[in-house]
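Alright, structures below, take your time with them.
Same chain, two partners: chain A is paired with chain B first, then with chain C.
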Partner chain A sequence: MSLWVDHYRPKTLDDLHYHPALSARIKSLAKAGDFPHMLFYGPSGAGKKTRIACTLKELYGKGVEKLKIDQRVFMTPSRRKLDVNIVQSNFHIEITPSEVGNYDRVVIQELLKEIAQTQQVDITARHKFKVVVINEADSLTRDAQAALRRTMEKYMSNMRIILCANSTSKLIAPIKSRCLLVRVAAPTEDEMIKVLKYVASRERLQTDDAALTEIAQDANGNMRKALLVFEALKMQKGILSGPVAIAKPDWETYCCKVGDMIIQDQSPSRVLEVRSKLYELLSHCIPPTVILKTIADRVVELVDESLKADIMHWAAIYETRMRVGNKKIFHLEAWVVKVMSLYKHFFYDIDMSGFD
Partner chain B sequence: MSFFQIQPPRQAAKEQVVDHALQPWVEKYRPQTIEDVSSQEHTVAVLRRTLTSTNLPHMLFYGPPGTGKTSTILALSRQLFGPDNFRSRVLELNASDERGISIVREKIKDFARQTPRAQSGVSSDGKTYPCPPYKIIILDEADSMTQDAQAALRRIMENYARITRFCLVCNYVTRIIEPLASRCSKFRFKPLDNISTSQRLTHIACAENISLDPSVVNALITTSQGDLRRSITYLQSASRLANSTSPPTVITPEDIQEIAGVVPDTVVNEFAATLGIDIGGKDKTKAKSFDEVRREVKQIVREGYSASQLLSQLHDLIVEHPTLPALHKAKSALAIAEADKALCDGADEELWILEVALQIHKAVS
Partner chain C sequence: MAPSSYIISHRERKTSSQLSQKRASIFDSEPSSSKKQRLKPLSALSKPPVFDLTGSQSNLSQSSKPTVKGKAKAYPQALGKSEDEDVTRENGTLWIDMYEPTTEAELAVHIRKVNDVKQWLREAFEGGPSGKLRKYRKVLALTGPAGTAKTTTLRVLSHELDFSIMEWRNSVDERFHKQDEYDEKGNGLEYEGLSDKFHAFLSRATSSNSILSATKASSSYSYSPSSSQRPLSRDQGRRVVLLEDLPNILHPPTQTAFQSSLYSAVMNQGASFPIVIVISDAGARGESDSDGLPSQTWKGKGREVVDIRTVLPPSLLHSPYVTQISFNAIAPTLMKRALQNIVSTHFSTTGRKGKCKQPSKEVIDLITETSNGDIRSAIMSLQFAYTTSATEFPLISSSKGAKGRSKKSEKAVNSRALLEVTSRREQNLVLFHLLGKILYNKRKGDLPSSSASARDVQREKEIDMQLNDPPRLPSYLSEHDRRASRVDVEALYSDTPIDASLLSLYIQQNYTQYCNTLDECDGVIDWLSWVDSSGGESWLQANPHQFHLVTLGTLHSLPSPVTRRGQKPYKPEFFDNLKGLREGEDGLRDVQEWLHRHETLGASWTRNEIALEMGSVLKAYDMAGSTSFKPPHTHRKFSRLEFVRGTTTVTDPVDDKEVTSDLLDVDGDGEERRDDPEKAPGGWLESDDIEDW
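Now for the complex of A and B:
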């Protein structure tokens, strides 16, 4: 018994529920002999991985579903050993090089060369090339991306690369210019409702539009989240109709509470309280960027129109510093204090322009 | 049939040959001689002289991507040595090869110190090649070599200068350490001008039998900004897409924009209008509230457009805006510059698009 997300994941390009034009394009590309390198990008939960899996199936048929998981050991020039998990079938290989951090270049160099220099053994295979799927390509280091450059051209005859990324901003231009860019936009609300309805009909579930609309709105374009919420609600209630109460995740309500605390009182003792809450959130492995964004969203809801822009401005600034810096809590706190001071000065009507 | 008879070459050996139809056009139409290199007249003129005199200095090629640096040196070495000696005389290393200090010490040094064998003039394909008595080591993407590795090259370059020439190829000449740069004669490759780009593109289109509308060529030139490789890749992707439907459709400028990941103009214009920038055609737009700006930003992020691309297009729109006061333009440009730096540092895209939106919103209203 698997989750609905996995159980109803489309297996072929024809099964995909939205972006029909895109599916048609990929399909025709897969039929033609010269399949290009590809780069799938779009927000999370939009269906990038699903589309990649469908593309592979279209290329090679059923064989790609026979997967095996391997652990490979790579050696860095300084004789350090790296363990990398590799998912592979006879026709493709899937890696997430960013899991080895700074040493992703070594993995890329060794693995790709090895694949590029071996020929397809299976004579019945439809294509002579193998496909390498690289997940989280936007977190590849510059060095690793540079290592990809010439490899992508040189070994085009027996290897194709499919990159999967959330955004193309962090990819260097030479990589982008060698790939066919495929943008996978998040589904619209109507499209999500359509998918939910399909799942409901397959599960023989009674639903009504109001409930589905609410789930779709809550998911904010993330199909995976919508399906998970849908299944959770079904487990709780059995029948889905009328207004449904979608339980927010714990951390989200917790973040909202922090936001409320910031607005209620601005004092050193309150900063300490907020700090302990932030620590708690961080120790539960909530990414600091998500914490910052959720609290900022909450704070912005509560304050006056003229303050909103400033609060988001500082949120952006401190978020960047958090990435560049080392210790996340400093920057989160600094932002909290900044918001408090902005709010207090706004209340007592003091001009803050000299303090920026 | 005797075992000792010469066997006919096996089928497998034939399949090793790369199928021409499957080759990327970038490789297929790589210039074969230096005369074919587009739009780098100065460099080509200098190098042509070295072909006749067969004396070559160490070289440093630098310039933006897609201007023909690698193609030039490959073509030159092919013309110098011919197909027979190419393998034994040329060592090509790029960023996909390990190039730490140990490789410089071992592999490069070993290759550099071999004395090349003298060669007869006539090659297997019947042509005569100069085949001068030295080898060429091509270090492609040299700016991604570490400082130490570069420093280790210094003495090697001098010691074996009699029998080995180095050619460093890089995008940023500033990343090459000074002692190396001063040992080479530098060649700057400038971005291709529009005329040579369009000539090259139409040449390829003719050879591949695709009809190319002038508007498509223009779209290719504007999206690729002087990077010939990029425009050729886009052209190939577009023609693949156009051919794959039945019946084959004609390539449109919109196809090129979609492939290049350009944000459609309507989206950018709508975004700008939400920020209170006057877009021609509509009645005077009113600046919107914070929540409306945020909703628009959320929508754009959901559509999955890349933030850096969106910002650069927004920048173009603002800078070329006919009626916006200079002060507003300057403030907006400042906000966009900040955001670009932040995105380079890996900051959150949604926050920074929102930040730029709010700053411009403030500056304009």
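Now for the complex of A and C:
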């Protein structure tokens, strides 16, 4: 047994429920024999990884489904040891560099070199090359991206790289230019309902359109989220019909409440309160950028039109600092204090023209 | 180190006594210099030390010159023990060994903890009421800060429940793992790695029954003189395997080997003896190592400290075979009682009654207060306090009368000062002084505080005399106009006990109390944020001026003068948060592994996806309570997040923290049994009473 998302995940390009044109194109590409490096990008939950898996299957056939998980140890320049979980088959290898943090360059380099320097021994293999799938490629550090760029050219003969990213904006241009860019758009509401209905029919579930529409709308183009919510609702209620109450994830509600706290009162002691809430969010593994974004969205909803631009401006500034800096809490808190003081000044009607 | 290790150290002491005597003679020639070194930390205080250095020193050197100080210096390297443990040896015995508790009543541990441990051990031996529990009582992990009587509790219970303790000890010179990059010449030599030994020890110790008598067992288990295992009390068929001296499990191969040995020992059905693992929490170090801080991306298992998760393999940690009992720092009331007991037994049994004076109640209070719940260090300082009073007392008793009395009062001051040097964590002292200097933001012309003594006022005036007024700023910069600061940043920088990164954390934790308006807050935190993000990713690219920037930025932004409203310094919550984050990450990793067990192609979950999107499903599974497909319970560490609105928290930061820690406790799955209500959850330091703030 597994989650519905995993269980009903399409296995081949033909099974895919939406973007048929894209599937056809990938199919012909896999047949052609001259397979390029690829970069799949699109919003999360659009089906990038599913498509990558289908592509691999198209390339190598069933053998690629035999997965094993290896734990590998890498040595950093500072003689620190890193252990990394690597999912691989005989034909491909999959890594998520964000799980090794700042040392992704080491891991990427070592791994690629190793793969590039070994020939495919399986003579029944359809292709000479192996495929390296890099998840969350947009979280690769600059170093790692630079390292990637050279290897991509050098070892083209026996290795292909498939990158998977949410947006191409964080990838350096040389990498983008070496890849075939494939955009996987989020499914439309109708497409999502179609998928949900398919799952419901496989599960022999009674549903009605109203409920499914609501789920699809709530998911906002994120198929994975829709299916997870669908499953959760089914487990809680059993029957899905009529209006369903979809609860937001805990962390999202929490962020909204923090936003409310900021607007309710602005004082040094309130800063302290908000800080403890921020800590709480951080310790639940919510990425700080997501925290900042969610709270900022909430605050912007609540404030006067003239303040919105400023709030977002500072959110952007502190987000940049957060990426460079070490202590995320400083920047989150600094933004909170900034918003509080902007808001307060707005109410006391102090001229802020010289502020920026 | 735990009390258990003293036993072996006594033994070694004999062998190394010749060596140490030689060294002692070297040090005897210059006791005064070593003495001065010990007192140095106080010189960093603005106030001159309150005690008379020369007086007490002459007293000391008259009576105890050859014994105490010299040896103390000679020992640490040879025995690997910390200094102040050795300082106070009398008759070659430490009080901590002499007065080790032998009955439950003497233990200074909260009664409920002792009962928990006892209960577990009973179940392990007898199997509880139904007799079936025995199967699940395989590993007991005792965790807690150092000096909270974890091992002692076990030993005391071994008398009471009548079992023997089999202990593993590391040898010194051997590598744990066979294939370490080492040796390479001894090609044909049979080399049994420490890991093999450990494995053999564990499997035999847990399963083999007592065919051999206690004494024989010890000889048959010893593979080499350095790694010997000795049953510590009589063998009656009941035995506990104690793992305290763990191999270096921060080394990944060692860790894997260790964990697999442990795993197989636990899973072995024939194993009949429970394993007790004692893990002292080593707190996270203050310095920010280049990558120990949580960045936006997740690290691998990037932990530098030994905790239960590094010791036990994850497969065991969540299995029913492992029970964790965490000890808390020893409560002041219990500690005081235990110290008093020691004092009274010491002075009643050894017949020293007439000869010298007991350490006064005041001293005991002081020790209790400064020990931070570490009973081992408390007893050490107690013995130290006793030795000083023992050496000084004869002088006083010989000259009775008015003169003697004045000496007595002087001595009280002396012992207090000496105790402060030995027992108090010096770092905190100077650290909070430093924080006070910065956060009170004193500037030229500030009115002296009401509590300041005449001398302080005088000194402040002198400082002001030397300060030049800064030139007036032009009108468009008038908002940046400040009076000259009394804080000498360069001096602070040279004396600071902590690095800039930790300082910034302390400032961040505390600044809000010192600000009056949000704009001041904004200034401080914006500086902190800026400094944190200046410089590069690794430590070598870090901004070399961080300390100055943090300090000056804070001084510039704070109001002047700072309103005094009884601000209390707090430790940064940051580290608790870091711990929470680690727990959350562990939860994520568990869920990830759980998902990966059902892995199909393309179904790999990244941790971000799990953290952000899985919450509702995990909750639903929890509620449905299905058995075949059950997520690991650790997911609650990240998936549950309930908003608790602290209404009373606005004014009192201590309450605020209570709220958050309660919040955390909700997630704690009820495993962590909290007691000791006396212990303040937020952790502000009571040891802070610097008058000069």
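As a working rule, the second predicted complex is superposed on the first by the 344 of 356 C-alpha atoms of A that agree within 3 Å, B and C clash if a C-alpha of one lies under 4 Å from a C-alpha of the other, contacts with A are read in each partner's own complex, and residues count from 1 in each chain.
Heads up, the rule we're going with is that contacts are C-beta pairs under 8 Å (C-beta built on N, C-alpha and C of every residue); 3 or more make two chains touch, one makes a residue touch a chain.
Since this is a predicted model, take the numbers as computed values, not measurements.
Superposition of the two structures on chain A leaves chain B and chain C fitting side by side, clash-free. Of the two partners, chain B and chain C, it is C that touches more residues of chain A.
In the superposed model, A:305 makes contact with chain B only, not with chain C. Annotation: apex chain A, arms to chain B and chain C, angle 110° (C-alpha centres, rounded to a multiple of 10). Contacts of A:323 after superposition on the shared chain: both chain B and chain C are touched. Contact with chain B, but none with chain C, is seen for A:178 once the two complexes are overlaid on the shared chain.
Applying the stated contact rule after C-alpha superposition, one finds that A:210 touches neither chain B nor chain C. In the superposed model, A:41 lies in contact with chain B only, and not with chain C. Contacts of A:268 after superposition on the shared chain: chain C is touched, whereas chain B is not. When the shared chain is aligned, chain B comes close enough to touch A:150, but chain C does not.
When the two structures are aligned on the shared chain, A:75 is found in touch with neither chain B nor chain C. Superposition on chain A leaves chain B and chain C with their closest Cα atoms 11 Å from each other.
Under the contact criterion defined above, the residues of chain A that touch both chain B in one complex and chain C in the other are 289, 320, 323-324.
On the side of chain C, the complex with chain A involves touching residues 251-252, 288, 290-291, 293-302, 501, 504-505, 508, 512-513, 515-519, 521-522, 525-526, 528-530, 532-534, 537-538, 573-574, 576-577, 580-581, 583-585, 587-588, 595-596, 598-604, 606-609, 611-617, 619-621, 623-624, 628-629, 637-643, 645-646, 649-651, 653, 656-657, 659-660, 663-664. Partner chain A is touched in their complex by these residues of chain B: 18-19, 21-24, 26-27, 65-66, 94-98, 100, 102, 140-141, 144, 224, 227, 229-230, 233, 236-237, 240-241, 243-245, 258-261, 289-290, 298, 301-309, 342-343, 345-352, 354-355, 358-359, 361-362. Within the complex formed with chain B, the chain A residues making contact are 24-25, 28-29, 31-34, 36, 41-43, 46, 77, 109, 112-113, 142-143, 146-151, 153-154, 156-157, 167-170, 173-174, 176-178, 180-181, 183-186, 220-221, 289, 293, 300, 305, 308-309, 312-313, 315-316, 319-320, 323-324.
Against chain C, in their complex, chain A makes its touches with residues 1-3, 5-6, 9, 11, 44-45, 49-50, 52-54, 56-57, 64-65, 67, 69, 73, 78, 81-85, 87, 89, 94, 96, 98-102, 135-136, 139, 141, 222, 224-225, 228-229, 231-233, 235-236, 247, 249-251, 253-254, 257, 266-273, 275-277, 279-290, 318, 320-331, 333-334, 337-338, 340-341, 344.
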